[in-house]
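Should a chain be cited, it is by its letter among A, B, C and D, assigned in written order, with residues numbered from 1 in that chain.
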Amino acid sequence: MALNKEQIAQRIAKELQDGFYVNLGIGIPTMVANYIPSGINVVLQSENGLLGMGPFPFEGDEDADLINAGKQTITTLPGSAIFDSATSFGMIRSGRVNLTVLGAMEVAENGDIANWKIPGKMVKGMGGAMDLVAAAKNIIVAMQHTDKAGNSKLLPQCTLPITGLRCVKKIVSDLGVFDITENGFVCREYAPGVSIEEIKSKTAGKLTIADDVKEITF
Amino acid sequence: MNKVVANADVAIKDIESGMTIMFGGFGLCGIPENCIRAIVNKGIDNLTCISNNAGVDDFGIGLMLQKKQLKKMIASYVGENAEFERQLLSGELDVELVPQGTLATRCMIAGYGIPFVPVLAGVGTEVAEGKETVVRNGRQYLIEEAFDADFAIVKAWKGDTMGNLIYKDTARNFNPLMAMAGKITIAEVEELVAPGELDPNMIHTPGIYVNQIFQGTDYEKRIEQRTVRKRS
Amino acid sequence: MNKVVANADVAIKDIESGMTIMFGGFGLCGIPENCIRAIVNKGIDNLTCISNNAGVDDFGIGLMLQKKQLKKMIASYVGENAEFERQLLSGELDVELVPQGTLATRCMIAGYGIPFVPVLAGVGTEVAEGKETVVRNGRQYLIEEAFDADFAIVKAWKGDTMGNLIYKDTARNFNPLMAMAGKITIAEVEELVAPGELDPNMIHTPGIYVNQIFQGTDYEKRIEQRTVRKRS
Amino acid sequence: MALNKEQIAQRIAKELQDGFYVNLGIGIPTMVANYIPSGINVVLQSENGLLGMGPFPFEGDEDADLINAGKQTITTLPGSAIFDSATSFGMIRSGRVNLTVLGAMEVAENGDIANWKIPGKMVKGMGGAMDLVAAAKNIIVAMQHTDKAGNSKLLPQCTLPITGLRCVKKIVSDLGVFDITENGFVCREYAPGVSIEEIKSKTAGKLTIADDVKEITF
């Protein structure tokens, strides 16, 4: 059975290493924070200007001056640091943020990503997405493998306006885990009960199945 | 040297129709509520507004959109605002979408007297159209220009009469960057104190960048996404 | 995540001959005394040193000069040091003199992931020789590159075990800029505290930039120009 | 009689206006701080990272962590602010510092200045001088009109390595006050007892005497 959103987040959390500074995008990526493996210390960065993002405040403790990049009320933790938005993206650009997790509408077999605009439909703006994908050292995309009509979102090339070129390193979709290599998508893991045939049929871009492909474990 | 003015109406008195203004804040967090209100009341228009977001329909920069005071909006994310989307799609409003880090950096370099900056963000995208590029260490960079704003309006937590500012939590965001970047900078603060009450080591914006300062009133500090935990 | 090391000897253990190292400080103010001492004791050489000044003959970076550990010095002002002048004039030491604001900015942009910066300083001077220039708004700018240092070594007043740093008074100077700029950053502090003891709003260097931290000992904090007023 | 150093500083202090942010170089420029006209508030910037430089500390109050750009122990004042050196030069470059006063070895009639290097003799470095002269809005030079051998230091062009091009706006020398214009040096004021003939004979660069030239007053 395909993974649900929580399971996608849970699988991504296995990529975290002790001491990582991590930027989590809105949606499924945010949920990764709920599955940080025990014994591992990870510092969450919020690109509006915070290192050491804590959980939501207790009811009544919300502070309008303390929000994350998704504009949600949050808390700090012991050891947090606050800074301006230029410093925040400086950390990202200079490679100090170890991992960025974000969503996507489309990913191409060369690592191009589209996640900010649907021409004529959605004019919200890119926020920090273009900066993050252009500069982050290591980018994992959390996404649904197909759109609602069943069309693959892992493509030979993006059809929507590009957010960044050749930047995605890994995808965790509801169907499996995919590295992006010079040979396109490489399926490393499949969701429990999902067949390789299904993955092949739902992946429009160039796909290879790893010799040691295995079922996702959490 | 007297930077202190009575209120927002006095602070913005030299802002005229057609000018370019930077507004600090991220979403509704750390926005200069008093000055926005005063500009709405003054009724000037044809403004170019540089701000990370465009407020919501009935608060923040959204109030200026309602009164059709904006000619152009330069922002990174405007998704919280239906009136914005309507004006954009109808062609009433000109919009320049700028990646968030680039937006922040274009403010910063204006404050540092640096005319342009090479950035990775936007390479290969619509943002790159018409822009000069350079290659360094095998990577392509876009050349992005410093912003040139007639006024910057920022909101701080505390300020002194010399113009020194301290921000609170993530209400800092774009405020110190824009404070450095305006030709004239107006600061509204929650608490205005005498020189010497702020620790010189803990100033976020040195007073040299601030031309006018006043203690604001009636801060609403609206929360966009109230997310909480239950107490167990 | 464990950034805390026992002392300077441990902190610098991966620094090898031939590397490029940034040292925070202005004159003898805010220099990482413990790490300098440890590098002198370790006896590595052929170092390229990026620092605003070169210490004095018997203190600071001057101690490394005495032991002939430096191959190249990148600095803005080296006038306090006779041994420096001797090594330079004899050709033993390679020197790149950089305008002070350019030096600071080349550190800063390294920390911001910006590969180069256009500056006015040095146009028409020896500093411009061999450098690319661009014209903007009728003025000529030099293109100056971000520094690329193997290590940055900085000195702070207080730090926590997450690597967050606070500097005191003008001992701040180049320290926060270099802290952002090294591939690996070592911070020595006068007082090392637990996370939560420093106000998140008052951090000068966020911990993400600091790889190793320790509480230094035996700070001499020598004063170069002791100037005082008589009490009346 | 030619002005002494204190008098040069005193005359320059008359150029200060209320609310000015001022950077004073080492030597005569530093002395300007002693002659700030009463009723005028001026904030002194020290380019190592301080706005609001106060007087030297009382004996015993010296703090190694609080020095000016000349490495002298100093104090802060109520309203002072401390910042890093990049921010400091950012203020200068972006035109926020209203006036810079510094010394010079040579000034040319087009405003070029040389004050950092004597080839083969002095290898101290430029410190912040090149940044200041390249970017400051308004630069006044405090200098001796001639060298010890009596040679003019106000020249048709600099002979020493240049610090900055076409940047000096005004000179206060021991002999007088000179604006630098498209027509070279323009003598606006002469020191008490110094003749126009002496000024002419000691100025090698192109010199005009202003129609309304007058004696310096303090």
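In the analysis below, contacts are C-beta pairs under 8 Å (C-beta built on N, C-alpha and C of every residue); 3 or more make two chains touch, one makes a residue touch a chain.
Everything numeric in this text was worked out from a predicted model, so none of it was measured.
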| item | value |
| --- | --- |
| Which of C-D and A-C has more C-beta pairs touching across its chains | C-D |
| Averaged-CA centre spacing for the pair subunit C and subunit B, given as whole angstrom | 33 |
| Distance from the mean Cα position of subunit D to that of subunit A, given in whole angstrom | 56 |
| Rounded Å distance, subunit C centre to subunit D centre (Cα mean) | 28 |
| Inter-centroid spacing, subunit C versus subunit A (mean Cα positions, whole Å) | 36 |
| Junction residues of subunit A - those touching two or more other chains | 50, 76, 82-83, 86, 89, 92-93, 135 |
| Shared interface positions of subunit C, touching two or more other chains | 105, 112-114, 119-120, 168-169, 172, 200-201 |
| Arrangement of touching chains [line / ring / star / complete / other] | other |
| Interchain contacts, given as pairs of chains that touch | A-B, A-C, B-C, B-D, C-D |
| In the complex, subunit C residues that touch subunit D | 26-30, 52, 75-80, 85, 88-89, 95, 97, 99-105, 107-108, 119-127, 157, 168-177, 204, 221-231 |
| Residues of subunit A touching subunit C in the complex | 18-19, 21, 41, 43, 45, 50-52, 76-83, 86-87, 89-97, 135 |
| Residues of subunit D touching subunit C in the complex | 46-50, 55-68, 70-74, 76, 82-86, 88-89, 92-93, 112, 117, 123-131, 134-135, 161-165 |
| Contact set on subunit B toward subunit C in their complex | 105, 112-120, 136-137, 141, 166-169, 172, 200-202 |
| Subunit B - residues contacting subunit D, complex | 1-2, 110-114, 160-162, 164, 180, 194-196, 200-201, 203, 206-209 |
